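Have a look at these structures, which come just after this line.
First chain A sits with chain B, and in the next complex the same chain sits with chain C.
Now for the complex of A and B:
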């Protein structure tokens, strides 16, 4: 159906030419799903853009062909390509929140392609849009077709976008991270829908994702990309269960598994090679524990059994697994039950007024019924010294608000907060000096949490100076110690945030939180913005720091498997309420609340029995 | 487990300086230099009246001719450059000094402080600039520093608005939350965390404001409300030459062209600086 042959794509940038794809060859068979997997910078989205003929102007294609049903997309003229895009190839993008035009009705946007490509009248297209919305599982298609995008939830919008891509009866559907912006339960529904459509319509799908669990659920075949090259390609279950290429092995080992607690995750050291001047040999060699002298020679895709692997020692590595480091630090597990909890929260409540509501008359008095939400609803929680309490929940469940309310970054409406034995909920902000030193926070987005105009030395030195923790002359030494603690070299002190990678920035964020020697840190989605291999390194670092320093964490994440790996106890939040809390093992293996069960069953996993497709079925209504 | 390698990611090479910036720097720099060196390089005394050399057209001795009192126009022009640029810069500094803290406070505190400050700015904006200048200068004896003050006052609202809008986006950044989480004082957050990030757009805006200030200052001088004779402020020069425009047009044209050139130069400088400092452009470069 779609065949990519020896495709190379380069981007001209201010810093020089970047080779985004290096002679990539792929084939998507008719009626099957091919998944492209890779971390950021692997070139997976470039493949999607190239296949749609949508490469930006800075892109150059020095070699390669993209054959769709025998015709080369790259040599077509713009008009022929446009015709193809609208009618035979459909595309679904990552972010359902920004792709829909906010000022057009859903039905008009879904039927738009029909008007342009099939010559439908707008009325007929609208009628057809309603049928399509029905087909993608939207409950009241007539009402939804007349709605505007802001009235729909994320899952509904993604369904509408899929309906739009299907409108012109395409044979090929290209999906670029279609579920990444969605919650896991919604993600499961969308994956089921796609599978259903593939079977019903005989669609061919190219599915791009960074999430191996999602890929396992949907793809027949998977191609793993690294630094613009395919490193391993084969049947999904084969590749995920018995990876051959070292990168695939590392990627899979870096994913925390639910229900299998390990001391530490396997992390892949190092970073992507500089693509302005890619190494001629194996591009993964500098990070590879199995590298041999032969790795510096150009590597070709070799057949190993039924799959293709770009590694000259592939056959030898078949049954070797990625080395997992033994636990170096002996856990300093104090007797937690005996000591006083470091954080105690009782009946904490916070609500926000969303809008003041419509004006109405009550007798002679005008009143407004305020519309408010309560993201933190009577929550009680304790955290023992050195304990990790995981907080999971979907977007809008109130996890972040809870974390910030405990630290008094958001003021609570009512409830009691005690930190390190001191009641802080009734004190004015100016009297929180001791608490501010004891309790710190690590943020989700390392780009936003470090002031771009300050060097790392200034960023880390400020908390020390602020609380007068060491004499002024000793601050540089203390900064070096902090950098060492988060395993960054000392010369990083003179850098600015933009001169570091995402993982390094997050290490600085952690070091800043540690600068005041706190007993308790709120980790607000600290690994969500990072790639899997970097995520594993940060999670390990957090675990090490807990063991060495005895810091307690409130670890907030939407990724249940990360929480399951790190946390001693897990709390599940849903619509501002804590629906379940208990030891991590118990929550993961024997959840009791229906919401927890639903959440856990929706998590895409890379291990365990292959899920029967269509396991979670639930309809979402108008938001 | 080991951290990312220690090698620094190669920084993208500095973007070549935009042409506008170069041209702007050259023009503005030359005028500034000439103005500063005026007492030493002016070919004739700027304020000596000489009845024998009245209304001379440009010639070899008097390159730009002489005015109605026989003074050398070129020398007066050079001396006047200091006044015009000085007035423009002083006015802009004044509006920065008031407008930036105003904008920071409005954008950071929001709520009624924001409302109060911004409505105040609206009131200021509703008064035509010349009117406000007239108001200040009409009730007190005119002087150049008062013109600068009046002009600076007029340009507070745009600066405050810009500072506010930059602050609004910066206040949502997580590093502000981090500063709050270590109980930093409000003034530390405003001036040490937010302000350094707000500078680039403010500097660009301020450099463009200098040109408006020079023009408005000259207009006020033209109306007799700024520098007083025998000062060689450009606006005043044009005003005095107005009555002889038919007989000796060079007296008015010289300061007119000079002002034109200066305004173009500073505008180019500001545009070039915008291209260079725009944080969005920078972010795009950083990603590549």
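Now for the complex of A and C:
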């Protein structure tokens, strides 16, 4: 159906040419699902754009062919390409929140391909759009067709996008991270829907994802990309259960797994090679624990059994597994129940008024029924010193609001907050000095939480000076200590945030929180924006810091496996209520609340029995 | 939506009341004696007193204000102290002519400005974009009266195609009427293009890079549909707000333009009444300008709501 042959793509940038893809060859057989897996910078999205003929103007294609049904997409004229797009090839993008036009109705956006490719009238296309919305499992298709994107939830938008891509009955569907922005339960529904559509319509799918668990659920075949090259390709179950290429091994070892709570995750050290000038030898060699002198020679894709691997030592490495780091020395865990909790929260409640509601009359009295939500609804929680309490739940469940309300970054409506034995809920903001020092926060996105115009030294020195924690002359030394603590080299102190990678920035974010020597940190999705291999290193760092410094975390994440790995106790939130809390093992292995069971069953896993294909779940909340 | 419009209308009324108080306050509480101003420095105290009684200037200020503001509601805008004619009909005539001028200019500014903005955005960084930038900046950087003079020299003196100044009613023939409008319109349009075209350009560039445009491309839509249907709708939102502000600037611009082209409209009436201390005319004219400005902004807000579904109220799918 789709055959990519020796494709190389370079991007012209201000800093020189970047080779995003280096002679990639792929084949998607009719009616099958091919998954492309890789971390950021691997080139997987470039493949999707190239296959659609949508490469940006700064892209160059020095070599390669992309054959769709025998015709080369790269050499055909623009008009022929346009007629292929959305007609015979459909594309579903990653972020359903930004790929729908905010000022057009859903029905028009779903049906417009039909107007331009099949000559439908707009009215007929709209009617067909309603049928398509119905087909992808939207409950009130007529109402949704007339709605605008902002009126729908993420899951519904993704369904609408899929409906739009299916409108002209394409033979090939390319999906670029279609579930990454969605909650796990919605993700499970979308995966079911895709599987169902593939069977019913005989679709060929190219599924791009960084999530190996998701890939395992949907793909027949998987190609692992690293730095613009395919490093391993083969049948999904084969590759995921018995990886041969060191990168694939590392990637799989870095994933935290539910029900396997060991000391530390295996992280892949180092970072992507500079693609302006890629190494001629193995591109993974600098990060590879199995590298041999031979690795500096050009590596070709070699057949190993039924699969292709780009590693000259492939045969020797077949049965070797990724080296697991030494078990970190776990600090003597004091009896937590005996000591006084570092955080105590009782009956904490916070609600937001969404709108004042419509005006109506009760006799002569004007009445408004205000619409409000309560993201934190009578929550009680304690955190012991050095304890990690994991907080899981889907988007909108109130996790972030709870974390911020405890730190009084958001003011609670009612309830008691006690931090380090001091009641802080009844104090004015001006009297929170001591609490601000003992309780800190690490944000999800270091890009927006680190001031881009300040050096790391200034960023870290500021809180030290602000709280007078060390004499002015000692601040540089203290900054060095902090960098050392988060394992960044001392010369990073003079860098700006944009000069660092995502993982490094998050380390600075953690160092900033540690600057005041707090004993409690709210970690609000600290690893969600990071690649798997980097995520493992940050999770390990957080675990080390807890052991060394005895600092306690409220660890907020939508990724249940990360929480399961790190947390001592896990709290599950749903619609602002805490539905379940208990020791991590108990929650993961024997959840008692129905919502926790549903949440856990939706998590795609890379090991254990593959999930049984379930009934297509139609129900989906309206925004 | 109805509630939204009602609320906004109430707001406009509030603004007008505030403006009327301001206008009345500034012009009435001047340190000098109004009657004295009108009669000139040779007036006798008896004459001044007689005029003060006639104008009601001896009454308390709030009574004077209410009488004056009440006049607006009943349609009696007082009498021009200079021409001894009722202000109302005189003002109405001037407004009609000025609205003709500004209306045509405004439509052209919107159409040409948005058009140039789109063209520049689609070719951004290339010669056409730079050309449009330079031309529109030239228009806004040099004062309007300069362009007015250039237009007069070129079209009236050299080419002799257009009259240099004046006004002809439409009853004197459509061509005659139009001929007198072209020169001032041209000047106004040229001076106001930059705002609209620059803003449209930058928001269009931003929108064209947004994921939903790539998504529209992925659907294989023709480029024309992508630009006009998908992009423009979103790119125009900030432009709409600026257009309303520009309408206000136009109302200011006509003061200069009408004076240069001797066009008997609202702007010239304002200048005339200032020069001749014709307070009733001045007060009424300023209030009318404020009203037009407020209504233009109201209209912009409503259009904005029309194009941006996110601010439409009280809708829920479920």
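Points to keep in mind about this one:
Here, the second predicted complex is superposed on the first by the 619 of 623 C-alpha atoms of A that agree within 3 Å, B and C clash if a C-alpha of one lies under 4 Å from a C-alpha of the other, contacts with A are read in each partner's own complex, and residues count from 1 in each chain.
Assume contacts are C-beta pairs under 8 Å (C-beta built on N, C-alpha and C of every residue); 3 or more make two chains touch, one makes a residue touch a chain.
Computed from a prediction, not measured in an experiment: that's the story for all the values here.
Look at chain A after the overlay: chain B and chain C fit there side by side. Seen from the CA centre of chain A, chain B and chain C lie at an angle of 30° in the overlaid model, rounded to the nearest 10. By the touch criterion defined above, A:440 reaches chain B but does not reach chain C.
Counting residues of chain A touched by each partner, chain B versus chain C, the larger count belongs to B.
Of the two partner chains, neither chain B nor chain C is touched by A:424.
With both structures placed on the common chain, the touch criterion links A:91 to chain C but leaves chain B unconnected. Looking at the shared chain after the overlay, A:467 reaches chain B, while chain C stays out of its contact range. By the document's definition of touching, of the two partners only chain B reaches A:14; chain C does not. Once the two complexes are overlaid on the shared chain, A:191 sits clear of chain B and of chain C alike. Of the two partner chains, chain C is the only one that A:54 touches; chain B does not reach it. Legend: residue contacts after superposition of the two complexes on their common chain; A:152 is shown touching chain C, with no touch to chain B. The superposed three-chain arrangement places the nearest Cα atoms of chain B and chain C 8 Å from each other.
Residues 3, 210-212, 214-222, 225, 229-230, 233-234, 307-310, 314-318 of chain C are the ones that touch chain A when the two sit in their complex.
Of all residues in chain A, those touching chain B in their complex are 13-16, 18, 264, 267, 269-271, 274, 286, 325, 404, 407, 409, 429, 432-433, 436-437, 439-441, 443-445, 448-454, 462-463, 466-467, 487-489, 491, 495, 498-501, 503-504, 507, 512, 516, 534, 537, 540.
Taken in their complex, chain B has these residues touching chain A: 1-6, 8-13, 15, 173-175, 177-178, 180-184, 193, 196-197, 285-286, 288.
The touching residues of chain A, when paired with chain C in their complex, are 52, 54, 82-87, 90-91, 93, 95, 98-104, 112-113, 116-117, 140, 143-144, 146-148, 150-152, 161, 164, 358-359, 622-623.
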